[in-house]
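In the two complexes below, chain A is the common chain; its partner is chain B in one and chain C in the other.
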Partner chain A sequence: MSDVSNGDERIKTTSKFRQALMRPELGGMVGTVAVFVFFGLFAFDSGMFNSQGVMNWSVVSAQFMIIAVGACLLMIAGEFDLSVGSMIGFAGMMIAIFGVTLGWPMWIAILITFVICVAFGALNGYIVVTTGLPSFIVTLATLFILRGFTIFIPQTLERKTIIGGIREAAEGDWLAPIFGGEIGEPIFVWLGDRGIINVFERGNRAGEPVVNGIPMLIVWALGLVIIGHFLLTRTRFGNWVFAAGGDADAARNAGVPVNAVKIKMFMFTAFCATVFAVCQVMEFGSAGADRGILKEFEAIIAVVIGGALLTGGYGSVIGAALGALIFGVVQQGLFFANVESSLFRVFLGVILLAAVILNTYIRRTITGER
Partner chain B sequence: MSNIIIQMKNIEKYFGSVIALAGVSVDIQAGECHCLLGDNGAGKSTFIKTMSGVHKPTKGMIVFEGQAMNFANPRDAITAGIATVHQHLGMIPLMSVSRNFFMGNEPIKKFGPIKMFDHDYANDVAMAEMLKMGINLRSPDQAVGTLSGGERQTVAIARAVHFGAKVLILDEPTSALGVRQTANVLATIDKVRKQGIAVVFITHNVRHAMAVGDRFTVLNRGKTLGTALKGEITPEELQDMMAGGQEMAALEGSLGGTV
Partner chain C sequence: MKFSKATLFATAAIFAAPFMATTVIADGHGDDLTYILVSHAPDSDSWWNTVKNGIALAGEQMDVNVEYRNPPTGDLADMARIIEQAAASQPNGIITTLADYDVLSGPIRAAVDSGVDVIIMNSGSPAQAREVGALMYVGQPEYDAGFAAGQRASDDGVGSFLCVNHYISSPSSTERCQGFADGLGIELGNQMIDSGQDPSEIKNRVMAYLSANPETDAILTLGPTSADPTLLALDENGMAGDIYFGTFDLGENIVSGIKAGTIEWGIDQQPFLQAYLPVVVMANYHRFGVLPGNNINSGPGFVTADGLELVEKFAGEYR
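The block that comes next holds the complex of A and B.
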């Protein structure tokens, strides 16, 4: 009687196709290939695939990736953070206030900003786990609170909502280049000398490559993706993240410190938002009170395109990274292809809906719900 | 068979003005399957929750391996070796069997300063433990959600046994299962008992209890009606004790058979 499960004739052997479908990254992989094929066919001559073009959509994708990694791990742990966009604006503004208005050394401004923002993340998490309220509502409150401060503080101190002069203030600082610098210049010079990538033909930079390094933003994005993926799939903590989002009560019964896991994930999401903000203010040289608006939704969309379930307990960081790549390539690709940019939103809505429907189908298949 | 592992002495438990348990005494022996029977509301759940550290008894004593115990929380009881497999299982359907099996007790492989989840070890152990219970998994990566109800119960039981349970409390493991799956779970209970583990099997199904039970304790309205050995009692008597006698007999008469 114990060999029943050995061969139940009513269970069809699952095909390789269906097994592949069970991988959360699948949608992201198919989407990535589709997007590159599409733009390869329709926008190849537009400059999208020369060195500047590649750098252009790579930077945009990397921005999405940074916040998507945080949102992904948090969503798998069963929670949302709608305050990511406000956190980006707030963090950028804090750096400007500390580094420019107060004139502190940039590295101190950056570190203090990280501490404050991660503390806000912890507060989000603490309120969610202690009150048991949906994180949706709690972080919606944080969204407004942080955005309000982001406007109020510079207005009170400087009578304006955009503070510039950050690049000058960061001159010679040791920490700022880790967010705003570039690496790999010699490689690009070498490539330029051999005519593999474009070089300036005139002017005082003639002969130098048009793209002269990989922005640290991209390094951060790839680094966070690798760390996030490793953490989720290869560590004990990763198992706790899945468990906390899959069924918090069952996880608690098994001795998983669910509350601590969730709070840490809120902190990590805030950390990612702050990385985004620091890279952004270093690139722009200024902080604005309206930075980061709607970023929380873009992060969530990238994560969902990447195969994570909105209900938690299932997803993949690699998938979220691919979702961010699709996001960036399409947004910039439509620009290169001279398509009206408002259509990007239409595309976004359609692909989001398609991804959610596919994910729900996958969930039903796994859990056997009907 | 007198190697008593846990003794519950005159356990009383009040919730406000409600008397859930009014002095229940039961002793559980290693290697036996002790069936705890009772109708809904008889106090079975309260009793096992007291045993597993969820509730503190209002009065009475728990003696575990010869020592008076005072469990502050379920974690204490689990550490001591009292594991509960709940009706709702504590399994996460979207996670793989091996990830579920080691949830909260993940094996660690050190790679320099980095501690990694040892997936190879986890997969091997989960497969081996399931095979011992007579279930041949397609793959340890299989999501628990794809298993049948009986197989899920077996994963939960195998997990508790692997992590050193001395007393295994099964809270209505068969109540939601079909005939064949029930048979599988009962067979698993038999295997666990033969390893010298005390099994406390909560059910309100007399036939399931008679199939594997060594001793039977009936709870009714927060009281025990005594413990009976296998062979000393008939299914009909058990049924009567659970239902509290008279009206049940009358009902069965009108329905034409044992309910």
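The block that comes next holds the complex of A and C.
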């Protein structure tokens, strides 16, 4: 904010309304309302708002949210991570290798995978801060390296690129349900019995509700959003993150440990990607070499829709979460609205562009920034 | 659904017109049957155009609504979400590939249990289709097709080969190569390469492999994505017409390759039928309650230089 007005700007009072408009997540909030109004009008009777439909776009949005939180904090700290998608594929494959191929207990497989992936995140960060190379290039290299290993390792060990049997291997494990389980089943059974949500009409599960619980994926997404938001807005570390991304040299001169902050943010991004991967392999029971392709861009798109600046120093976790929600609702909503699927990318591009232009416009008019 | 289309059309006619392109609106039968086909193919895989044409034609002829959906990047976990989404929109039937049983069986079974009839096409196996509660399986068992091709090549005197795998993350691609090796009675070993999807990369990897292993007897490609660049590679290194070249699936360049004698045979699994027949079967099932008593094998059929005329005419469109 380069606004230099008369007097000391630090003690200048701003109206509540103006303060509200200055929040980075404003664009995300407007967009969320707009998206729901749009699909409420055009896809209301298509099943998008029945229990299965709501669960469908909620889960997709939650997936985006998990990786968007990490990408958001990292972007505010002034860096990118393009290896998120490959990290998702890699982490899933590691769990399959340790838990199924090597037959280790699932909780050990999960914990070791977290350690390996977060270490890769730290390595990304270390290379970026010590060499001063753009994180774009460094993590692009990691993207290829991790994807390569994700194909090579299972091909070498198992002669195939999809390893199944993870659900069976995770049977009775104490850690696995924290990622792949569901909570609130009794509530959904109750809702199903009352006829408020649909129940299965046939098969082994006849009479059970079509949605039988809130997946832990959604719980993780909300948890990470809350933690991320708290960290960013209520702690000293959060201020450091803004400072590191806003002007790294100024921050260093002010005593902020910029390098440590950036490395930690790379590690957190890797952590989020790993959470995504573990939830996914626990739900689907298999790890595939093609999982997570292009997810890094989806994370960045969600963050940018949510009002963060690509140049760092400005943004909000709540905004990124709303961006993820918009992204998820639009992606699945287009299917519900029966739009020709090959045009999906056209919509994605249009929405991204519209969101960025809207966000920039709002910010410039309100803050007077050029 | 109809209301939404009408409103959208009215409010944004210019935008809406191209988006509704493949939707065929039912009239005449008084029913409003809707079938959704979900494939595992990324947008970049042109082979699925035949499937799109097949289902569009079936929709037109049977007077039903048909839709085609796929995960844009080919990520199977995204495909599971699309199946869940399709089930939530409560169509009369879903036609889907079963590219990975672990990932897709859950969503497919949930769709079946919530009252949507399902037919498995293309990937998967008759046993897996029965397992998830599908009405039937329409497709070509991949290992068997590879095995048959291997036996044929073995009869023609082939003793070693290169399998150009452009979709290595799909188990069924690997099964084709494995079946071919077993049909020849040799180990697969390092004879399968991960070629990637990019044409120039595929071409260069094939050339590199062949110059490193000049004694290779045969090449097996798994579809137009890998066959087209391989044709170029063989043209460039002069092995065209000399090396034994067989491929899965057909396409414009493959057909002209067969005609020119560069390609010995193409295995046609007739994807058109895989999209077309399920719609016909389900529409008749939902209207009259009639259902064929068995799975339908759409392939394998070997296309050789004899009788290429119709194939050539419709290559890439219906063949």
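Criterion: the second predicted complex is superposed on the first by the 332 of 370 C-alpha atoms of A that agree within 3 Å, B and C clash if a C-alpha of one lies under 4 Å from a C-alpha of the other, contacts with A are read in each partner's own complex, and residues count from 1 in each chain.
Just so we're on the same page, a residue touches a chain if its C-beta (ideal position, glycine included) is under 8 Å from a C-beta of that chain, and two chains touch if they have at least 3 such contacts.
Quick caveat: nothing in here was measured; it's all calculated off a predicted structure.
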| item | value |
| --- | --- |
| First (chain B), second (chain C), both or neither touched by A:325 | neither |
| First, second, both or neither for A:286, with chain B first and chain C second | second |
| Touched partner set for A:303, first chain B, second chain C, both or neither | neither |
| Chain B versus chain C as contact partner of A:263, first or second or both or neither | neither |
| Which superposed partner A:155 touches (first chain B, second chain C, both, neither) | second |
| Partner, of chain C and chain B, that touches more residues belonging to chain A | C |
| Which superposed partner A:143 touches (first chain B, second chain C, both, neither) | neither |
| Contact footprint of chain B on chain A as seen in their complex | 1-6, 22, 234-236, 238-240, 242-243, 246-247, 249-251, 253-256, 309, 313-314, 363, 366-368 |
| Residues of chain B defined as touching chain A within the complex | 74-75, 78, 86, 88-95, 99, 102-106, 108, 115-117, 119, 133-137, 143, 145-146, 148, 151, 180-181, 183-184, 187-188 |
| Residues of chain C touching chain A in the complex | 1, 3-5, 7-8, 18-23, 43, 67-70, 72-77, 80-82, 84-90, 100-103, 106, 109-110, 112-115, 133, 168-171, 174, 194 |
| Chain A - residues contacting chain C, complex | 41-48, 50, 52-53, 55-57, 59-60, 151, 155, 159-162, 164-167, 198, 200-206, 210, 280, 284-286, 288-294, 332, 335-345 |
